[in-house]
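Two complexes are shown next, each including subunit A; its partner changes from subunit B in the first to subunit C in the second.
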Partner chain A sequence: MRKNALAGWLLLAPALALLGGLVLFPIIYNAWLSLHDKHAFLTVQTFVGLRHYVYFAHDEEFWNSFYYGVVYAGSTMALQLVLGIPAALLLNEAFRGRNLLRGVVLFPYVIPTIVAVMLWKWLLNDSYGLVNHLLVTTGVVRVPLAWLGKDYIMWSLVLTSVWQFFPFVVVTYLARLQTIPPELYEAATVDGATAWRRFMHVTLPQTRNVLFVIVLLRSIWMFTKFDTVWLMAGEGGVSRYIRTLPVYAYARSFTYLQAGMGAALAVIMFVLLLVATAVYFRVFRQEEALA
Partner chain B sequence: MRRTGAARAAALYGGGLALLLVGAFPLFWMVSTSLKPSGEIFATPPRLIPAHPTLENFRRLLTDTSFLTFFKNSAIVSLTTVALTLVVSALGAYGLTRFSFAGRDKVAGLILLTYMFAPIMIIIPFYILVRLLGIANTRLALVLSYTTFCLPFCLWLLRAFFQSIPLELEEAALVDGADRGRAVWYVVLPLALPGLIAAAIFTFILAYNDFLFALVLISSDELKTLPVGVNDLFNATIVDWGMIMAAGVMITAPAVAFFVAVQRYLIQGWGAGGVKG
Partner chain C sequence: MKRPTSGHPRHVSRRRFLAGSVAATAGAAVLARAPAALGQQVRELQVWHTEVEPQTVKTIQDTSIAEFERKFPGFKVKQQALGWGDLNTKLLASLAAGNPPDLTHLNPFVTASLHTKGLLRPMDELIRALGESDIHEATLKLQFFDGKYYGVTHAIGATYFAERRDLREKAGLKAPETYDDMLKLAAALTEGGRHALQMPGEKLYMGFVHPAEWLASNGGAWVDAKTWRPQLNGRAMLETLEYLQKLNRFMPGGWSGQKYLDTLAALATGKIAMAHLSGARTIGYIERYAPDTMRDPDHFQPMFRPRGPSGQKGISALDGENWGVFTQSKYPNEAFEFLRLFYKKEHYLQYCHTVPIHLTPIFKSMIGDPEYLANPRIKKWRSWHDFMVTGLKGARFLPIGFSRPEDNLLPFLAELDGSGIVADMIVEVMVGGKPPKAEADRAQKRAEELLAQLGFKRWA
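Up next is the complex of A and B:
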């Protein structure tokens, strides 16, 4: 009964057809498209070779979006760790109300992005927002800040994104914390280790691998994040102060209708991620060897 | 540890309170604003709890805008996606775990690889393909794209669940005279239920939340789903904050309800493979 290869393939066929047709084929088609000049919905296309790639190498807008993308992915990833790891450590302790809190912490991650962005735009509203009200009444600032203006829009975007995605770090890290054998902590406590030393010498080494995965996944997902960034500022006005690569690729394809150029940006994004991941694995493995 | 018991409790509850504020206060503020009459929304200082709560914002949202149409579209698309994804990934996972064939593990690895591609990286060829197939601006296009993007995760999740179900149980049912379909329906699927539920939640949240595909693939107003439709409302005129927050409450409610109802299964699913987002 278990050697029936045909049945196995047949059961897999619908999944393979969908993935092949709607993911693998588009990826290949995308690479081919990036070598062409093509309007987003007219059928005319001309082969231009690597011209789009050469163009982007000298395109100021491209380098700006690369820079904004790195700033955005780097800062949100770091802040998600800063907020998420202590939260996970806290939720791993025994206290009353812990289960309720574990549920509440997931809220930001579960609510749709459109809601998270609208909500924070309201909280950060320059005239009536709660954030400015609190900052002014507590004397932190003297005049309300234009959170959604060009000087602070990146801050607002980072704040919204960190709030929205830090629960992922909490859940993933917490899941690993729960599997650390309690004996390790008991031994450390008997040896007179303080809480800080227990964290450094027991928790951190034990959770090293999960941290590696969290940093990798969160960086990739923040670098390719489209909806939160796009919804924060749309396409006009201050949007160019937070225009990351995904938003730039979208604009090239669907605003300027230059599908070939958009496709080239998608390929560049993919290659950047591939290289960054390879380097990251290398550095991590070297560290492992030294330790 | 005993000596510092009080300090420890203070730290725990202080931290807990801070976390509660971070997680829940913005949502509380959304609900509070949605219940305020417009005069109170712009009052200084702002009131934490509405003095004269009203459902006026919700009434305006439901009668003056196409919100209900967007809602209906989101429900149809998300639920169809969940059903289709569960069927396709359960079939595939069963094929991957119950039959041995050459290249089986390679196929599984390749499927996982497709999980690494963000929608933004293939949206352009995807759009051209959908137009070529003549299904641009249809709900079908959305259902197919969400199903495809949920498949790798769901397949791997269900594969892990199916692997943990002993073959002997199924064989016992077969020996007892059940045919294969019945053995799967009455033995395998009930045991894999936590996995199926986790896969359903993951799929629902992704489909219900998606903005990019809906933005690119749907052009007519009557087919738009909530994220794009409400973003249009937001951009249309001077922002009506009361109504927008009411929309936020209405969009959030099904997602949170769905989630709370089956949360314990989701935690298991998370342990098994992580959630993308």
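Up next is the complex of A and C:
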């Protein structure tokens, strides 16, 4: 018995070592680093305890970044659902060209982020962008709008992100839709349920679990999204208006060169997401129990 | 049990496939390391620089590198041309890993920071060999700390306005001397769908390079010389912020989201009358995008910066990175040898001619050398070259990010730039329309906190 257990642990050892080295160690090291004053490229570090955390509690930039992060994650996630679920419902219907459309809808999700962002920045450019050209020539606006300027940069970012990531919702939701037994819809139709009622009383309850996962994953991913946000305005002055927490953490580590403070921000993000996820799970379970 | 074999003649078993793959990989690895395996030592001199134009890269390869590799047969030089932003990120990573390049370009405002951390090697011997007295005063002592030289500028460029001279003259106005003149000119040049000017939206420029110029042009400085206390809410900056808020009215609404190169394209294509950040690279844009009949200095001219109400003269940034050799460099001696070849006259002239005027020689004897001036682009755009010379003579240039010459001793300019504190202030005042005083106070507080965190607080 003991021999078997030993063999079991030995077989598990590579996986545990990988997990420990690639997941646990970085988290623990990051937490340890957050308690130090550490220059980004010098080896010297000084223990400062919780000083960085206390600093961020009063740091206006931190709260601005938190606010922008919530606005960005919240709005992109909601819009991805608003766009993704109807698209999945549509692609679940039988019509000519459906397979082609299912392939096309994946396109934004499979192209590299740099291409997606450059494409949208080019389209939205206020000097030579196609969007402004169309708006001006059709008389919708008189002068080109500064889509990449202070007033619209957040919405340009949201637009780009929703375009890029809503296919994930489509594909995931569609996969679940395809497994709903057709008898349920037939029975509902026989009972005289309209399309809307079929959606509310058959589709939604059946897809409840997958929606839970979609909202959870997309919220986490959008809250921690770095590349799209950075590419949109990372080195630009206007980045101030879309500086989310991951971007601020990056800046603290690699442009302020304060690696300890960057690590503290990463820990704060981790804890925030952990708490939000726990609350979300609890609410979902309570609702499930009520249902 | 023996597996049944397929009847297909080209069937390859999985075991054989795996064995073959392993053998091929091992063979490739041995071949790649062949010189080392054969006992011949191949050493690589890593050289990083910021001149990314293909013709410049090729010229370095064909001149300095070719001669170096002939002289040092055991060496191979690997050059990497990187943009500023990329270079800084890559340098940071290499320093953190303890494996920096042997030789690299550095910005003067980064050099002091690296020097104080003991990361740079002195190069007095090289400077003397190149001709200490022949190196232009504008660059000679930029990396001079504790009585030693820690860098040498690769070439001199400058930043300034590029203007549509024809439009200004048509409006009957002279090149502006003061902030007020500039506002009048901007108002006169804004008409129809054209804006008077555009600033680059990159943080590095609008949040660091230009603010240093504004401070220098208005009698201010980043920090107090003795205590290093930031001066972001001092008179020089406040007057500048008020000027900028007015100037913003004459710029396209989305300027803060556009890049430096966008502004050059906008100038060449007539969308704006003045590009705030320009250098001799602008000529390339003019020759490519301006209407055929306008690709000349009669239409496009450089223009000096105006001075503020508290300043003596307008100051522009001198764009000239310096070569630096790290204490951790693997082959420092060879790096210095490479530099001797780089500055050899026939190599150096070819290098400077790859982007004429933008790469003005650092040697006084060469700036007016007929051989240098014989380049066709310099001949055509001679007024741009003369403008450079006038600026150098009149001390109108300070190194990038410097508000005064002594800023080369400040070890925190890289961090101040990286923090974006000044950029945030400028954007909030210009684009956000916020009150200059409140934003300046906020920036001052953040800058004080930053310097304190970095251990540079000397004030009470």
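Just so it is clear, the second predicted complex is superposed on the first by the 270 of 291 C-alpha atoms of A that agree within 3 Å, B and C clash if a C-alpha of one lies under 4 Å from a C-alpha of the other, contacts with A are read in each partner's own complex, and residues count from 1 in each chain.
As a convention for this text, a contact is a pair of C-beta atoms (placed from the backbone, for glycine too) under 8 Å apart; a residue touches a chain by one contact, two chains touch by 3 or more.
Just so it is clear, the structure is predicted and the values come from calculations on it, not from any experiment.
Applying the stated contact rule after C-alpha superposition, one finds that A:Val190 touches neither subunit B nor subunit C. Judged by the touch definition given at the top, the superposed model places A:Trp120 against subunit B, while subunit C stays out of reach. Using the contact criterion defined above for the overlaid structures, shared-chain residue A:Val238 touches subunit C, although it does not reach subunit B. Looking at the shared chain after the overlay, A:Leu106 reaches subunit B, while subunit C stays out of its contact range. Counting the residues of subunit A that each partner touches, subunit B and subunit C differ, and the larger count belongs to B.
Of the two partner chains placed by superposition, subunit B and subunit C are both touched by A:Ala40. By the touch criterion defined above, A:Phe254 reaches both subunit B and subunit C. Comparing the two interfaces of subunit A, the one with subunit B and the one with subunit C have residues 40-41, 125, 254 in common. Contacts from subunit A toward subunit B in the complex involve residues 1-5, 7-12, 14-16, 18-19, 22-27, 29-30, 33, 40-41, 83, 86-87, 90-91, 93, 95, 97-98, 101, 103-115, 118-120, 122-123, 125, 128, 130, 133, 137, 163, 165, 167-168, 171-172, 175, 189, 213, 217, 220-221, 224, 226-227, 230-231, 234, 246, 249-250, 253-254, 259, 262-263, 266, 269-270. Here subunit C touches subunit A in the complex through residues 85, 89, 92, 95-96, 117, 201-204, 206-207, 252-259, 262, 265-266, 271, 414-415, 417-420, 423-424, 426-428, 431-432, 442, 446, 450, 453-454, going by the rule given at the top. Against subunit C, in their complex, subunit A makes its touches with residues 37, 40-42, 60-61, 125-127, 143-150, 153, 233, 235-240, 251, 254-258, 261.
For subunit B in complex with subunit A, the touching residues are 1, 9, 12-13, 15-16, 19-20, 22-24, 26-27, 29-30, 33, 41-42, 44-46, 87-89, 91-92, 94-96, 98-102, 104, 107, 111, 114, 116-129, 131, 144-145, 147-149, 151-152, 155, 167, 174, 205, 208-212, 216, 226-227, 230-231, 234-235, 241, 244-245, 247-248, 251-252, 255-256, 259-260, 263, 267, 270-271, 274-277.
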